[in-house]
């Protein structure tokens, strides 16, 4: 292998290698917490890794959990990479899931029609939901961070209102605020019979490729990246930056909505209040996007690692008497360290060509000086 | 010998906040310590809603003999697993019905306990000169899940004073099981609207309501297990739900005959729900000045009617009831 | 519903108590915003303060030491977060979320170790913050109700906003902090250690959130429950943004949230579905911001 | 001449600074005498800025020592440089826009009263300082909206306030109007007389000749020569810089064609009242370079932005080949056959974080060879960017490098290359040679003339009068948003233009 290919490979692996170094450091810190509880760190970590990736069953469970994280991560990445720092993935996912479940059950006509309409309208719905914050930004200069955050809360309660008062599943004791189950014929099939993993994961993989392609190989991707870097440059180049803003935010809403749709079609077959919120899918997805610098391939692997941390954490709770809190602590440590750019600095020193001394901030930073920074004011 | 030890998985929400769950876990600890049965158990707390499905499925994978799911979030996943692996384990769910031939469901009739609290609330308010309320309630969330408590409470009050309508009730929600400061402020505001009695049902956030009661002098009730305290005479009773008893029943059944699928509904009659000082004597002395003998007698009367089947309390849908 | 003057006075009084912990944290968040840091970890540091206050209270029974413990512990946690954000260039959102997770687990775990309970720790041995005596207002019972049962810290929150206003706009350190937020590169090129200033601000915001936490567990109620902060840190951040990261603006922002929340509570017993009333504060925020911004845009256009 | 002593205040010895594999400073040594003005000159990317950054503590040398008054010192950061009496007016101003003049100047050394920032005293001090050095400024105005010349004055006062003995200016005149340049050079002389030692980095050799005592020439990261100004000439210096003799651009006689760009009665007002552009009517013919001369701030930027669609004008007509593009979006304007070299390369012309290739295809990427149906053709894009870099000798490692890592002049070359290669019938060139070395200036001039020979219409906006006079076939003078004169090549003198530009002579 010549050095060129090597460099290409290491370039390709860069966004992925960082989490591994960070995880190592995190595990060292986590070990302290475990020792306090009187358990052996090695044992706990073994259980954790096994519970996340150690057998076909565990791996598939982790991938199932990773699916919505990957998708919302991609949704976050496309708007963040064009410098629109919205945190509305959760609300959009709720919209997607809610609409899909309701339309998929209540729409008149044959099942295939229900399914088609459910998918189309729920994606439109979540796109419009995101478009609303774009509109608020455009017309009222309202900080995206605020409007999307507020819409997350509002969306959850509004969906809850409709489920509770209009679409409630009253077939059982009606204690859960949830809609009725969609028909078996329109559910996403499982990838492996008898396991949870469904073809939604396949869709997520496809989406990773599509988003990568969109970002790196299309005019729209080029335009939006440039608008993320310098909006004046775009205006001057003839790019309609407003179109980009509306386009990117809507697309990001559609993608996050798709995460909800897939959860309904592949996992729960209905919309249940609080499921997406309690699992923090969209937030973890956003974290994955930030950690991997909006690189879709990086998001894919980071999401799987983050999902593995959750499923592995649950495995600790099952297999030992270590309380759930300890696995929460370990999870917190790991993500904390993953976020750090320690590894990057490592890599920089060893690389031949250093990057400019004071680039406003690496792409992982939430706030990049000399850009909009609208998240603050 | 180790092969004979039966492994039980108890799958539930994080235990700490919810006394309803603590009782189940404590019962298992007690039985294990007693050594009556060759049994080992794991308490599997679910960090989020998705973890329920994962943990239930994983428990089958990990070879547990009895899978005990405590909480309605587990109904869907348990249904699926029980259908897919009917013979790999035995399945029990508590607090909701899982419509599956391989699952045994235990449900409660907490409305029966709440009905008794309603009677207490109505009479205490009447004694304080406010027979028509308003009557307060600080609960965690709106919705059918906890409506059984509210329904029983409202019906109990109405049974004492038929003039009371839905408009005479003030319910507020903390949206959290732990947000005691919010619970306290909500209770203070209800008291300012004239509530003499405020029904607390928001898990550990109830301590906020209790503090408010002590400060403002209104009366309140605890939930799940006896919350009366010598430090706080204003907690005059508790709507109890002895889930530990159910845990004992399940263990006995499992080792005696194996789990027999079906639905069992538990109420006052089975001694699983009740009201402190009405259906039991309580751990602390009763605040007799407020919870007078007359009130206790009246409530016991209702309890007897319920136990004998003369009085049946069926919970309707919340929206329909509240529209009346 | 029984709406009368006394009830409204109680609601006002409640609103203040609900608002002040948020105000402390909101002020911290505003300072962070001023130095270009988006510190979502304030939820966790507030929880740290809330917990540390009760632990210190349990061991010493001293209000002063409890407050000190809350401030110091929250500051240390926040300082670590600041190092990760600034020195290690961690994505601020990720650092914050991780801190929140870590603290949520840690406080719950330590609660079991220290108090031997799960869920909540309540005890009559805990000493609450002093309530300010307002008996001098007894001629005006409504006023007495409005300002009764408040602690010194509740009042201090408002004073602090004014102090921070002067600090930010009248002192050298405040001046430099603002400059770092405007142009960090320039500040560095002029010999200011901008990293240290940012980390220091994050640590200080932690300290403020610690006071907020202490006020929560020793002011409103006197107890600790796991995750007792219940999202107040996030609301505080929204209040800071609403208040344009201006200390006095944060007062307005927090008051707005408190007010919207109280309105929502009142409406919970009307014919509006309770789910919709829960959505109300958030929608009201969007509406308020839209109106405010619209007015601003109009004014600039003229 | 100043009474310049020969005692050396500063020595930099054998400075080496590498960026990865690129050696920006290769064993550079420099000495500066007390009270002298030293010019540092060299091609774009020669390493001048890097050397100054090392001196000011913004970059850390890989090797080399710095001696102040013959005492070895360590400069790890700007604070230490300032403490050692070294001040720098950077190429990109380091100012806080929302702050006032005073606040910006006293930054880092603020007067205090008790706990508080003593703004009153600060304002007073700055008033005095500005009087003392004859640099008039209102201490309480905000930086926002200030013209460049004044901003620079703030920067200079800042350095003086810090009590710097050594003042470094990095390309201070690049963005100034001739008037401002004149004032600045005088200021520098005054400062030198007052005992300050000054280093000026510049590409303008006439300024060097006017103000400097000595010049140090750098090429490819090395210092190649020292010259006493008294003993040298512009020709020698430029030869030392570029390593070859420059040939004057040949401007062939051609007869212009029809008017491709015609602007009639273009009006723009700000806030509905203040007129910015006042019935501007100009035209540019095919095969013609038309210069717009004016002191910056008289509406030329707005004129260009209105033509290009970056700003909406109030009324008027902009005809491109007969088609009206008045208030059309930029894209449409570009499609109608216009390209533009923007006046600020970092605000408009490029994105710091974008790669060279990405910067190079802006405005091009929709052409069929670069994208089809919305999909980019990465191979041709790379080839194109590579070709631009090579043809226009942009000094860069690879086209994947970030634009921010280019030296100022090289970034400008990339932008010029990109816009020239749009192959449009109209090219608007705003300050096309700002901040680039004489070799590159020659090159850009050649390009513009070639463009003209190809029959394109070139509108040249420049505050550099010599440039206008040299290249333009026709010249418009703009003053306060109005056209204040129109001349054919050779029909006007520099003096006359200057008077028209400042409005002391009306048409």
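Labels for the chains are A, B, C and D, by order of writing; each one numbers its residues from 1.
By definition in this document, contacts are C-beta pairs under 8 Å (C-beta built on N, C-alpha and C of every residue); 3 or more make two chains touch, one makes a residue touch a chain.
Note that the coordinates shown come from a computational prediction; the quantities given were computed from them, not determined experimentally.
Two chain pairs, A-D and C-D, are weighed by contacting C-beta pairs, with A-D ahead.
Chain centres here are Cα averages; for chain A and chain D they lie 44 Å apart. Chain D has its Cα centroid 48 Å from the Cα centroid of chain C. Computed from the mean C-alpha positions, the centre of chain A lies at a distance of 36 Å from the centre of chain B.
Each chain gets one centre point, the mean of its Cα atoms, and the points for chain A and chain C are 28 Å apart. Residue positions of chain D touching 2 or more other chains, listed in rising order: 58. Counting partner chains per residue, chain B shows two or more touched chains at residues 142.
Taken residue by residue, chain C touches two or more other chains at 108, 112, 183, 185, 188, 275, 278, whereas all remaining positions touch fewer. Every pair of chains that touch is listed here: A-B, A-C, A-D, B-C, C-D.
By the touch criterion stated above, chain D contacts chain C in their complex at residues 56, 58, 77-83, 90, 94-99, 103, 107-108, 110, 112, 115-117.
For chain C in complex with chain B, the touching residues are 1-2, 6-7, 9-11, 13-14, 17-18, 21, 108, 112, 117-120, 122, 124, 149, 216, 220-223, 225-228, 230-231, 265, 268-269, 274-275, 278. Chain C meets chain D in the complex at residues 166, 170-172, 174-176, 179, 182-183, 185-193. The part of chain B that touches chain A in the complex is made up of residues 9, 14, 42, 44-51, 53-55, 57-59, 61-62, 72-73, 75-76, 84, 95-97, 99, 107, 142-145, 317, 319. Here chain A touches chain C in the complex through residues 87, 136, 140-143, 145-147, 149-151, 153-154, 157-158, 160-161, 164-165, 283, 286-287, 290-291, 323-329, 331-333, 335-336, 338-342, 344, 358, 360-362, 364-367, 369-370, 373, 375-377, going by the rule given at the top.
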